[in-house]
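Alright, structures below, take your time with them.
Next come two complexes, and both contain subunit A; in the first it sits with subunit B, in the second with subunit C.
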Partner chain A sequence: MLTSTPARIAGYVGRKVAGTILTVLVLAVAVFILIQITPGDEAVAAAGPGATAEQIEQQREQLGLSGSLPQRLVSFIGSLATGNLGISSASHGPVTDVIAAAVPVTTELVVVSVILSVLVAVPLAALSAIRASGRGEELRRFLIVLVCGLPTFWLAMMLQWVLGAKLGWFPISGRYTIGATSVPTITGSTLFDAMLVGDWSAMGDALAHIALPATVLSLGFIGPAYRILRTEFITAAHRDFVTVARAAGHGRFQLLRRHIVPHVMTPLLILVGIEFGSLFGGAVLVESVFARDGLGAMLTNAVAQKDSTVVIGGVLVIGIIVVVVNLLVDVVQTLRDPRLRSAEMGV
Partner chain B sequence: MTATATPQRRAPRAAGAAFAAARRGWRTRHRTAGSVLDVVGFAIVGVVVLTALVGPLIAPDVYASHIQNARLAPSAAHLMGTDDQGRDVFWRIVVGSRTTLSAAVITVILYSVIGVLIATVAVLAPRWIGDMVMRVVDVMQAFPSLIFALLIAALMGPSLQSSIVALAATGWVVTARLLAGIMRETLTEPYVEAARTLGVSTWALLLRHVFPNALPTLWVKWAGDLGITILLIGSMSFIGAGAQPPSAEWGAMVIAAKGYVTSAWWGALFPGLAIACTSMGFALVGDAIHHRLSHRVKGH
Partner chain C sequence: MVRSSLRLPAIAGFVAVTAVALASCAAQAPADGASGETTLVVANRNEVTTLDPSQTSYLQVDSAVAPLYDTLTTYDADGNLVGSLASEFSFDEDATHLTLTLRDDVVFHDGAALTAADVVYTLDRIQALGTGIVGQIAGYAGAEASDEHTVVISLDAPDALFAAKLSRVYIVNSALVAEHEGDDQAQSWLLANDAGSGPYSLESDDAGTITYTRFADYFDYADHRAATLVLRRIDELGAGRDELISGSVDAASVATADIDTVESSGLRVATGGSSEAIIWMNNSTGATSDPAVRAALRLAYDYQGGLDSIRGGVGEINSTVLPQGLACAADLPAAEQDLDAAAKILDDADITDLELTMRYQPAFEEQVQEATLLQSNLAEIGVTLNLEPIAFADYLTLLTDWSTVPELMLAGEGLPVPEAGVMLSQVYDSSAVGTNKAAFADDEVDDLIAELKQTPDADDRCAVTQEIETALDEADAAMPLYTIPSNIGFSAKVAADESAPLLPSGQIDFADLRVAE
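Coming up: the complex of A and B.
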């Protein structure tokens, strides 16, 4: 009882951040072990076909592949900590530059997809929970299996072909109409930059370009989100406190807003944290179809060009993004939920 | 069953398992027994398995190109048309069914073995080792497996074998977590305690009491996993980390047809439909098995 509330919160966040750093370390070690145990010489692959023995040795030196195993692990972690991810064998520039250009593009896609998923899944779940009965279960089951079973990459291609190429409703590829907009680069994401400077026509253009990829990407998230939220809405609506509030004369809207939705937010937040990783995985597939130059397209190109430093760097950066998002979800969740708050920090 | 549809608050781990289950589309409530969808699921899986067994034996050569027949629209002679090399798309899908299905089966077998081993270590080893293993499992679960698999396949050089190894190396996580939970639960059951008191060794306990107890859950998981693995094998081929041309692996067929989808849509549409149907078939079968098993338990 001696420490103040802000101090307790700071202590809690500090513990969480320390845990996250540990997790990133585990991830880095896992990637390092993977590189060591996979057959095939990375230096030979990075040096490219027809490289001389000297060039291969030079690559080995550059990639930190010379020396004993513990030495290599230390130099690997060391260069990560200093933000040095090596040189791309395809572009001959630092990997960090390649990644820095790609991160905002993918983030834009993932963020729009999450927003879209929530906007679709929450009302859908609420509506179907209000009219919950045994009927329609078969249809629901079919639709969920359908949404989960469609190959993302194929669906992306088919929508691009039908809605983009054939009907011309959406732009086929890219992030914006080339030459049509002159938005300054602030974040690197055309959509967010256009919003920041208030250029509405550029924003509309970016939104039109992101519509199809974001729809495809969000489908994989809407299925499970709908399923879990529907159950949550049904349970929440039958809680005692909701019955009491209803008896006290609260209207339907007020019940939803003040009592039911806050309850449903918890699983929704956890779900966003868990699914964030797979959204990045899905983004790899969607971006390569729609020619969006984000992390996914970067990784796909790097695999094709055997540019292993870029693949390793990209995987690590995606890992760090996922872990950090999970940290944020955890902290927001704890600050928001009074029960968790008292359990974790006693305030 | 460990998988519950209601996420428990303050138990993100349990919630994680439930979300994973929901994502794979297993759990449904208020189901009527023997629904149409169960039949559809078993029918799809039956047809695909039969095609994979018999198809390649009766199919014509699907690798030789006949440029004069390139991009023919579907007709009686070519049910699903021909691709840019003049190869019959229907027969390529038939032959590819064996490639895709066997790759998925091998992947699931491999990672199930890894999952069993890791779960056993997590449960039987000293506490601190078990905790460390579960920490790694946590990290792995948050991480997109497709991206990890991409890394492994890139390091090994892209091929179907690489994508099998890569998916096996990343796919064990949920199996291990599920199994570790069931094992911990079962080891404290009175009948297991009784057997232990009678002097049955730990390994015999595991083989005779614990694993058989986990089997029903695993059947459901395996069926659902096959569906997901078929999607992943296709995805790996699609991003160029898996099967390479001229393979008739379904995902490889879709990417090969990407360049000419506007002029000959059939080259991409049908292999993708094959992936979608097969994956849904396995999901429905998993669902059906789950339903039957939970029904039988209730009946007792």
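Coming up: the complex of A and C.
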């Protein structure tokens, strides 16, 4: 039976989405079970010091901690289906509110870090491919290994001290200058909200605050990305179609723009997809050092306070972001690569 | 050819430089509001999970809630219990009923007047929630409003310390909270809303940054308070120090090692509050239930070395189980290391091959060093000390059963209120499961604590307190190390004679910081 191209694409996307939902479900069950089997009694922590046995039991009921593990798992999955992540044992408020406040803060940091790392890694890799030997290349590689190999925590503290406290070029921590501006809350991200309302002063302020943490966060990715992309650039530069184009008189920039960069886009997309996920997980330390109340800071606090509903919710949200980004990368990659499109959709 | 090959990196470089330039310009924006009135920004460590005043057992919440609310009683600068919202308070003869007369000039932030009904509602709400500060009002049986400004609180058993405990209980606007009760007694609403009468009202709570506005109708209004107070979450001490030096914050905790750096930048560092480093020993189970082991442990630790090398010499070696500097302290000698005496005690008791386990919180670098120091000290007398990290929330769960109370636990302890009797009764009463960190049970001490609770007169309680401290010392019930003050750095915007005002919990009272003229 012949099927139209849009229907095949829809079928492919549908299969991918179904797979993603299944992945999220498995992740939810795994995270829930892992948290539940860790030692300690959350009801005691929730009731607070000096609470009576009755008050502890009251908390156990209210937080849904009574009943067997399978019962609680079924209840958890049921709640999850309705978007209810439960009650935080630390704040005694809905977990969704806690997460909703933290996600935009981490998202803006990760997005800026990804952009920054692409802006640095791609040109450097391209330059290295064009000039693959010589002292300049050796120096580039040495510097990349040196800077990207520095311990994140130490580097963050040094940047704060030198560029923030001593030279005053950048704010040391936080997300915006207190009292300098007031941007209406739309997404919860000061940077994106300032862009949306066209408040360029506030946007500059938010960019200033995000510059150091984004730099530190992106450094861990720039090194590996540079190495992979450099190889891809060199490989692409030696492909037959590039040789033909060069013979046809195309200049270096033209070769790069028309033939080599499109070829490198596929691994770049994959790298960005991987980076997006890993940066969400890796933002914990950076958020703590730069005093940004995002998912990382939220999870650190929740673990310390044994606030398992927030831990489960936070891990789940990060997991969902990772699989959704990977889904998008998969779909975009398949749509733009004829070989994949043919294999996956038959079109 | 060469020129075009460099264009891509050049464009990227230009974008980066432009962004940095734009960002740096924006970073110079002024910190004060347009009104020109002073804004004080305070660096606050750790997350404020809620602004619900029922959750102030968590000290970070206590700090953040204090500017918004008032308590019935409080402590003055000399450490005396005095009225706050209550103009007068007194116990009946057997200390089972506490009568409080409320001030008649207090209004909440929405303009409603404070009445006795608000006090009754607040206490009943905490009791019904069964969480947070509820442990502080243990023994609360009920309250009744005799008239608009008089409340009588009934207790299950005599407790002359109850008035002191009320200094941690914040009173809410009952009508406003009831309006938002929902199905969780307004816990969700109070997460980020204010129903208080305090010196500041809540302006905003934005992901780690809480902004307060000075309340013009506050009963104890003072111009010296900042027009706007901002609490910014900054967990790392290093970041707080750098922000202080750069002028972005006006008050921040300063590590002892950083005091010189901060002061050399022309800023002032004051000390305030105090907590004690203490090693709790399980008195009822395991090797530490043997009094000889406890006595030997107390003699083994290098107190002076620990204070000098780990705490930078700032603080005082403890002489009793309570933090130094409290009124009514018993006259006991400061703890001192004597390894020969420690070894002899173990020899005399035929204790050999002793192996102990101590829990500690690795998040605190000082604890890691202190645990290692004790491990090294004990090795000198042939005792093996194993170290196991633990999170505080997990530690709390171990306290509910004396058989699971850690053999040894290194902790930092602050007093719930600056009243010795409150800590002694919560920690060393044999019926106090959950807060009795030493798993300690002794009939003599129980009797003394009961006597303490039946003694409304503060001076009379002093003598009983000293008896308890002496009994605990003789029993080697715990191993207090030293009392450590907090160092707070201030910018020039804070009054120069500011000595760091304190909340009853020992936290810095940021709402009472005075702005420099």
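The working rule: the second predicted complex is superposed on the first by the 309 of 347 C-alpha atoms of A that agree within 3 Å, B and C clash if a C-alpha of one lies under 4 Å from a C-alpha of the other, contacts with A are read in each partner's own complex, and residues count from 1 in each chain.
Methods note: a residue touches a chain if its C-beta (ideal position, glycine included) is under 8 Å from a C-beta of that chain, and two chains touch if they have at least 3 such contacts.
For clarity, every value in this text was computed on a predicted model and none was experimentally measured.
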Clash or fit: subunit B against subunit C, after overlaying the two structures on subunit A? clash
So in the superposed three-chain picture, is A:L69 touching just subunit B, just subunit C, both, or none of them (first/second/both/neither)? neither
Now for A:V332: first (subunit B), second (subunit C), both, or neither, which partner does it touch? neither
Subunit B versus subunit C as contact partner of A:A18, first or second or both or neither: neither
Could you say whether A:A81 touches subunit B, subunit C, both of them, or neither, answering first, second, both or neither? neither
Just checking: does A:A304 make contact with subunit B only, subunit C only, both, or neither of them? Give me first, second, both or neither. both
Per the contact definition in the header, classify A:I318: touching subunit B only (first), subunit C only (second), both, or neither. first
Quick one: classify A:I186 as touching subunit B (first), subunit C (second), both or neither. neither
For A:L27, select first, second, both or neither according to whether it touches subunit B, subunit C, the two together, or no partner. first
Name the stretch of subunit B, from among 99-107, 243-251 or 279-287, that runs into subunit C once the two structures are superposed. 243-251
Residue by residue on subunit A, keep only those touching subunit B in one complex and subunit C in the other, then list them. 39-40, 42, 45, 157, 160-161, 165, 288-289, 303-304, 306
In the complex of these two chains, what residues of subunit A are touching subunit B? 23, 26-27, 30-31, 34-35, 38-40, 42, 45, 134, 137-138, 140-142, 144-146, 148-155, 157-158, 160-161, 165-166, 223-224, 227-228, 231-232, 235, 266-267, 270-271, 273-275, 277-278, 280-282, 284-285, 288-289, 299-300, 302-304, 306, 308, 311-312, 314-315, 318-319, 322-323, 326, 337, 339-340, 343
Quick one: in the complex, what on subunit B touches subunit A? 5-7, 9-10, 12, 15-16, 18-19, 22-25, 28-32, 35-37, 135-136, 138-140, 142-148, 150-158, 169, 227, 231, 234-235, 238-241, 251, 254-255, 258, 261-262, 265, 268-269, 271-272, 275-277, 279-280, 283-284, 287
Across the complex, what residues on subunit A touch subunit C? 39-42, 44-56, 58-59, 87-88, 90-94, 97, 101-102, 105, 116, 119-120, 122-124, 126-127, 130, 157, 160-161, 164-165, 168-175, 177-181, 185, 188, 201, 203-209, 211, 251-254, 256, 288-294, 297-298, 301, 303-306
Given the complex, residues on subunit C that touch subunit A span 1-2, 4-9, 11-12, 15-16, 19-20, 22-27, 29-33, 39, 41, 46-47, 49-50, 52, 55, 57-58, 129-136, 138, 184, 187-188, 191, 206-209, 211, 228, 230, 232-236, 238-239, 242-243, 245-246, 248, 363, 391-394, 396-397, 399-400, 426, 432, 434-435
